[in-house]
């Protein structure tokens, strides 16, 4: 059975995301930004659906804004809005911004090792129309999930990762990814990615860690959790940086466990948390709800 | 021991709420509102700390906005901002708005019957500086909590409520309340308030209901929950309207229970949920985070 | 791609469930039951792994007990334990009991209409070895999920259900099910099953209802939840009885929602809760953790 | 206003705890324990209300059992049960056990520094009849909470703790506590207690730590949580051992926080979690639901 990913797409919000755009602004706070942005959008007859703005210190701190608006017709008008915003925000306020039509699906590569629970969660959500992304490819260092992935009509690439030198594997990853994806998701990929790779690939990387960070950093978190006797276990989705398990946290959740559960039980219970935490993190990322700042995230959820 | 409520006040956010104001706007959505409001605030050199805006339908739906900003000096400037906003919003956009300095504490009357858990939660939070309100008085149909209330330096008024005719009691309530309070909280007050009272008193009334509404409407919700065998019990804070247990819901929460718990156990478990749900609802109300619309609430939490 | 369900089975607890048995006892409480049961198990050299016992009233109420034990060799010994227990419990105490080797997988039929989220959750959990059941068949009144089901190597039977008279469809259901299954799961099956069917099929039926019962009984619970403006939405797994949405509740959970979410959003958020609540309910059922009593459940979770 | 703690006691379960006893058994697992214990209780006409038993490995692991039963008349009979159990469990099975009438309230000393939220939670719960303990005294290194404590009719002792040498203060603590208490609760007591004190005082000590251990060990956990950008903050109740923040965990919980919350906000949000986690841990301890084993706890909740 092969079902291509396009067949079941159901628009996920009303009014249709076909006509919506997001505007993300981030930079040094200065008076007048809201008025200036509002004026640009108003001039182009954009209807603001929602707007969230946050300043971490109104006296010279950082400014974060997410605006969702509709525009008719989107395509032509969006370029004009962008030109206008560039003038106002970059010149007058020295602020960065990104503008994107929500109908332009982000292209995602999923990395996975042997565990399939996070991978399948994403494949099914995407197929059901709940996760509006294009899954461009799945890359793995093990062949175990190849059949499952291909049954969804998605390319699967096996890139073995033997030995401590990852440079050959990462070179192959870069050949496959460059120009093809907007986001990489490590869906229980049990390999460390190098700083060089992160810089060269040039797109955000989201990882799901199987503990409530910063507790139980590194390998074997469920065994460590059992050893310490914690009463909750968790999972953490974060952006990947050169510092292992130290990147900006996007989302976390926990589930209650008891003394009677073995390490294998904790893994199973944790797998459910990992699935939902990773899915929420990706959902927020593709809806442009997350702004990175230092080693933190601002999430307009 | 009598501790007056002012003694321990600790400002609850940074920068100090002394200098912050909230602006709430609600009405029919029209293009250009954000730009117009932004322009007014910019003109008065207000620094926007946070802004949340939501439209339930960008094609002619309703518009909701909450803005927090700082202004220097607050007192003088706020009147000028208000005059300007009145011109722009009421004349040009036909929108309602309210503007308030966060340092102007809301005056609250708490109604209670015999159960003291919600009352004490509020008294202690207020004394600890976590709930920036002035508790003007506590009114009860029973004398049970008088000593506790007065030990906090707060007036306690006993207004018995015998028989089906509540008009004498409600007349006494109005004499005590009129002009003196900005909010009434029914903290497990086991009497029905009449539509006449709601209209005449003229300030919002928040009630805590001891179930996850709309399940278990009316009296004895914990007994009903036990009878039905539910696995979660909850509490609901809502604005009071003439329709009992049908007013706009502000906040809800639940806690897990088991087959082994008696009705008395459910009451105790539920009491903890009632305390925290009511405290959150009041916190959001006094921070002007809630906008009522029809029988719903928009909560910018 | 067709993967038979046996291929990936991983034993789910330690020590291996191959060697474990469960004993469920339910009836009128009388002194001495624990001692008598303990004596029987001790006589057969059973090692008790866990034992939970609950009495809803020690003065003549009902007695509920779940015991998990290991036995070597299981197969031969279990018959002797059963004979002994029958003598002690049925003759001396007039108690019902069931005894089962945990390695004897329960045979399950899944009923589904068009929504596939609950169905797929169960298929994947079973395949991953997390849900030790045999999925004997999937029955649907719509062809939509046929390909998915068959890709797991599981028979799919289409039994259309046109018109108000369900007797022909139910007769077909009985032909397929009788003698073949130990449990029926309604995984978002949007048809009412008759009292006659429930009686004749003779095995437990678990349904997932898309609301926090008893709130929003009947059709369209998410639309009703939106209309009422609740801040949490939920799902309820329950045993099916003749009274629609009134059967004994097994498990419930909720998720927080906001004013900004549409009915379609609530459906998507609720689908995640439905999946996890149904999976937990089935897990507890197959591990013999649930005892029905009147319209309630005792769950030793 | 001074209300003695006895005035409002309301029995917290049905049937009345006046007539209930708990039996805790812990030791090396051996076949036949359940039968032997059941036989003793049966012989004395005890009615078992609930029984939970767990073995961490049926092949030679550890055995944990909690039994609640009623006995008439309790006082006389309990001594005979104890003698019988001592014979059977200590001689035949080499197992430790403790037997206690639930009506015998545990005597508790609360240690506190300046923060009053955990202290007041316990004082009010005890007064309301929700926490069946006797609060024998409150000991503090600061005078701040003296008036509050004494208004509940409970002795308050100020024992300053200046300088690095705690030996004088701990000697004073021992004079106050020895023979007078069954449990010590550190309700945000910001001093380290020495190994010598723990050994000499000879009763369990429960601490509430203001983080989700093992994350953010040591001082300033909320500042560390803000720095790391976590999305949940938590609290942990644990038994105190010589290793700071490393004792057996009893209970943990978390609450969701956002990017917009300051360290002061996190402290306030965390205080609510600390209150409820500490209250639950004490409740379980006084109901004999917790068995310590190595650095873990078995909690029959």
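First chain written, first letter: the chains are A, B, C and D, and each begins at residue 1.
As a convention for this text, a residue touches a chain if its C-beta (ideal position, glycine included) is under 8 Å from a C-beta of that chain, and two chains touch if they have at least 3 such contacts.
From a predicted model like this one, the values you see are computed outputs, not experimental measurements.
Visitor: Compared with subunit A, which chain's mean CA position is the farthest off?
Guide: Relative to subunit A, the chain with the farthest C-alpha centre is D.
Visitor: List the interface residue numbers of subunit C and of subunit D, divide the shared ones by all numbers used, and answer same when the ratio is over half, different when under half.
Guide: Over half of the interface numbering overlaps between copies: same.
Visitor: Any chance you could check whether A-B or B-D wins on number of contacting C-beta pairs?
Guide: Between the two chain pairs, A-B has more contacting C-beta pairs.
Visitor: Distance-wise, how many Å sit between the C-alpha centres of subunit B and subunit D, to the nearest whole number?
Guide: 36
Visitor: Which residues does subunit B have that touch at least 2 chains other than itself?
Guide: Residues 50, 54, 260 of subunit B touch two or more partner chains.
Visitor: Connecting every touching chain pair, does the picture come out as line, ring, star, complete or other?
Guide: complete
Visitor: Give every residue of subunit B touching subunit A within the complex, in rising order.
Guide: 15, 29, 31-39, 41-42, 45-55, 57-59, 65, 69-70
Visitor: Spell out the part of subunit B that touches subunit C in their complex, as residue ranges.
Guide: Touching subunit C from subunit B are residues 54, 212-216, 228-232, 234, 248-254, 258-260, 295-299.
Visitor: Where on subunit B is subunit D touching in the complex?
Guide: Result: residues 1, 3, 12-14, 50, 116-117, 120, 124, 128, 130, 147-148, 150-151, 260, 262, 264-265, 268, 271-272, 276 of subunit B touch subunit D.
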